[in-house]
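After this come two complexes, each holding subunit A, first together with subunit B and then together with subunit C.
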Partner chain A sequence: MGVAPALAWTIALSGGGAALAHAVERGLRRTMPDVDPGPAAPVQIGVERAPAQTDPWFYSAAPAIALFGVALALVVIPFGGQLVGADLEVGAFYYLVVLDFVSLAIALGGWGANTPDAVEACYRAVAQLVAYVVPLGLAVIGPLMMARTLSTVAIVEAQHRAGLWYVVAQPVGFALYIATGAMQGYRAPFTEPFASQIHGGVLAAYGGAQALVWRVALSALLFTIAAMGAVLFLGGYAGPIGGPIGMGLKTLGVLVLIVLAGRFFRARSTAETLALSWKVLVPVGLLNVGLVGSLILLGVGQSAFR
Partner chain B sequence: MVLHGFVVVGLVGLFVASVALLAAAAIRRPRVRVHAPDAWKSYRFGLATFALIFLAFDMEMIFMYPWAVVYARIGVPALLDMLVFIALLGVGVAYAWRMGALRWE
Partner chain C sequence: MEIAPALQIVLFAVFAAISVLGALGMATTMSMFRSGVFLMASFFGVAALFLLLLADLLSLLQVMMYLGGMLVMILFMVLFSSDPGGSMMAGMMTMTRVEKAFSRGLSRPSPMATPHGAGGGMDMAAGHDMSMTTPARKWARHFGWAVAVVLSGALVLRPVARATERALPDPRSPERIGDLLMGKYMIAFEGAGLLILLGIFGAVLLARPSERPDPEDRGHLRAAVDAPPPPPEEG
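Here is the complex of A and B:
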């Protein structure tokens, strides 16, 4: 793809993905009214209001930075062999780095809004980053080892040539990805930074167009996490139904899985999330790297390279 | 060639940032200023110790990405190398855990 079509495609994907994720999540939430919606809670789009004592720069920049990070991450998500914003050689690593801009945005917005609830949300979001980054990285490492590449397109191609979806070879890694994906997307049971006890945290401090930007960014965030799960573990755009349609269906599947899994666990506080991450998920992730390494030595998923 | 891909990254970033900032700046109707108390209150910093351990592990993650790419080609020696690395870090977590650094309250 040329530069202009790639730009148009990524913008369209950000908007369309956000709308799809929002609609699906709204529908699913209706069946689980007891679960805190967290970042999926309604925002005050029709109300122009802002706290009186904001830091104008931090406060205004925050929603823009959140959407910025999500859209940049979507650049490397392939929906077809050619249907990708840019097939970067460091794609998977780049994805992990730029998506953390959302965490920065929540921290800036919370600090900049300067209300007790929003600053509390800032601290909680930073703590959640400390909880999810390492186990998420350990979950993503598995597919990278089997595919011998960081390029997202090449990861899909490697699964296709080996005739193996990595979810089959690495069920532990996939479960780890779903758990840390829920943390990364602030979805139940890890909704603490957007909890209803602090009235939605950062979201409560925004209104009007900026609230709409938050809405789009946070819905697109869930869509992006689901899409990357489909690329890494479910064979991406290659599969029984090929191309963008199949990739869309797989993305939808992972999205529904992340949202519905939230109803089976009670909400975790930030302290519990950190403890869960460092006492359970990080050791499991390290074991998983060893496990995947052994499988590769046995030749699993390596027929793609003969 | 390498930079070519990042042209799209730069353009997407520029575009989205501009639109979002325009939404914030241009579409500005009169706002109701809501008065709320200032946020300055005491916070416990159990997070600081977590953050330090996190830094150590996050640096390790950076080393793991290039390792993951060449792992299958090198085979057993690469696995042993990384096992030593992981074992050292595992000892680190166990030590931090034992010393109570993973306790929030």
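Here is the complex of A and C:
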């Protein structure tokens, strides 16, 4: 793709993905009224908000930075062999890095809004970043090891060539990805930075168009996480139903899984999230890396042409 | 991807300006939080320069390290400073033009601050001396200029050979870096890993509850920590 089509594709994907994720999540939330919606809670688009003592630079930049981070991450997600914004050599690693801009945006927005709830959200979001970043990396390393590449398109091709979705070979890695994906997307049970106790945190400080940008960014964030899960573990655009439609269905499946999984666990505080991350998820992730390494030595997931 | 030479120069100017202005903002703004974010922006500018040199992995590593690292550092900095948002300082200090530019929007009237100069040569706010002028400031400025001149001179005159022009971008750089880390530089790599592991052990040890009883005079502090939080406000 050239630069202009890639730009148009990414913008369309951000908007479409956000709309899809928002609609699906809203429908699913109806069936689980007891669960804190977190970032899926309604935003105040009709109301103009102007907190009294903002840091004006951070306050106004934050929603744009969040959307920017999500859109950057969507660039490397392939919906077809050619239907990808840019097939980078280091695509999967790039994805992990640029999606952290959402955490930065929540921290900046929370501090910049300078209301008690928003500053609390700033602290919680940074703590959650520390909690998810290591186990998420460990979950993503599994497919990278098996595919022997960092390029997202090549990961899909490797699964296709080997005739094996990595969810079959690495169920532990997939479960780890779902758990850390919920942390990364601030979805239940890890909704603490957007909890209703602090009135939605950062979201309560924004209104009007800026609140709409937050809405799009946070919904597109969930869509992006689900799409990357489909690429890494479910064979991406290759498979029985190929192309963008198959990829869309797989993304939808992972999205529904992340949202529905939240109803089976009670909400975790930030401290509990950190404890879970370091005491359970990181050791499980390290074990999974060892397990995947052994499977690769046994020839699982490797095509004959390597 | 090929970038036209003219565009390369423009991009270099933009990213270099981000790094330099970020560093300047870090040193001159009155808000500790802004200071940390400016430092982050400066490092991101450098990361973009790496990207311009086609070192994509290095650039991403730079962003990854400093995004999370700086955010955590800022939070700890905020915990231990009395005016992290800078509103008190910006509201009462006499600032230079650069300091004013990077502190724009921070100032708000503070009931605790006294007007500049009223404290008998000290800038007082809420009982703290907030003066930014130290005896070292005068010669530190000259020293800073001297360093800048030497570094710019070295850059312009370039006493070392331009080795980078001969190096071609390597599409398999992640693999090569991995080989180097696990081959040639394995001792250093594993040594750093061991050091970090020991650091984690130290942190865990420090965070464990102490087995010794608290001294008498700390009893009320312990009670304050253990007290249940007040119920959240309704509304």
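The rule is simple: the second predicted complex is superposed on the first by the 303 of 306 C-alpha atoms of A that agree within 3 Å, B and C clash if a C-alpha of one lies under 4 Å from a C-alpha of the other, contacts with A are read in each partner's own complex, and residues count from 1 in each chain.
To be clear about the criterion, contacts are C-beta pairs under 8 Å (C-beta built on N, C-alpha and C of every residue); 3 or more make two chains touch, one makes a residue touch a chain.
Everything numeric here is computed off the predicted structure, so don't read it as measured data.
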Legend entry - First, second, both or neither for A:Phe58, with subunit B first and subunit C second: second
Inset, instruction - May I ask you to decide whether A:Gln197 touches subunit B, subunit C, both, or neither, giving the answer as first, second, both or neither? - result: second
Inset, instruction - Name the contact category of A:Glu89: first (subunit B only), second (subunit C only), both, or neither. - result: both
Inset, instruction - May I ask you to decide whether A:Val130 touches subunit B, subunit C, both, or neither, giving the answer as first, second, both or neither? - result: both
Legend entry - Most subunit A residues touched (candidates subunit B, subunit C): B
Legend entry - Which superposed partner A:Ser103 touches (first subunit B, second subunit C, both, neither): second
Inset, instruction - Could you list which residues of subunit A make contact with subunit B in one structure and with subunit C in the other? - result: 53, 88-89, 93, 114, 123, 126, 130, 133, 150
Inset, instruction - Spell out the residues on subunit A that touch subunit B in their complex, using ranges where they run on. - result: 3, 6-7, 10-11, 14, 47-53, 60-61, 63-65, 67-68, 71-72, 75, 85-89, 92-93, 114-116, 118-120, 123, 126-127, 130, 133-134, 137-138, 141, 144-146, 148-150, 207-210, 212-213, 270-271, 274-275, 278-279, 282-283, 286, 289-290, 293-294, 296-297, 302, 305
Inset, instruction - Would you pull the subunit B residues touching subunit A in the complex into a rising list? - result: 2, 4-9, 11-13, 15-17, 20-21, 23-25, 27, 29-39, 41, 43, 46-47, 50-51, 53-54, 57-58, 61, 64-65, 68-73, 75-76, 78-79, 82-83, 86, 89-90, 93, 97, 102, 104-105
Legend entry - Parts of subunit C lying in touch with subunit A, wherever the complex brings them together: 31, 33-34, 37, 40, 56-57, 60, 63-64, 67-68, 71-72, 74-75, 85, 87, 104-106, 108, 171-174, 232
Legend entry - subunit C partner contacts - residues on subunit A that touch it in the complex: 53-58, 88-90, 93-94, 96-98, 100-101, 103-104, 107-108, 111, 114, 123, 126, 129-130, 133, 150, 197
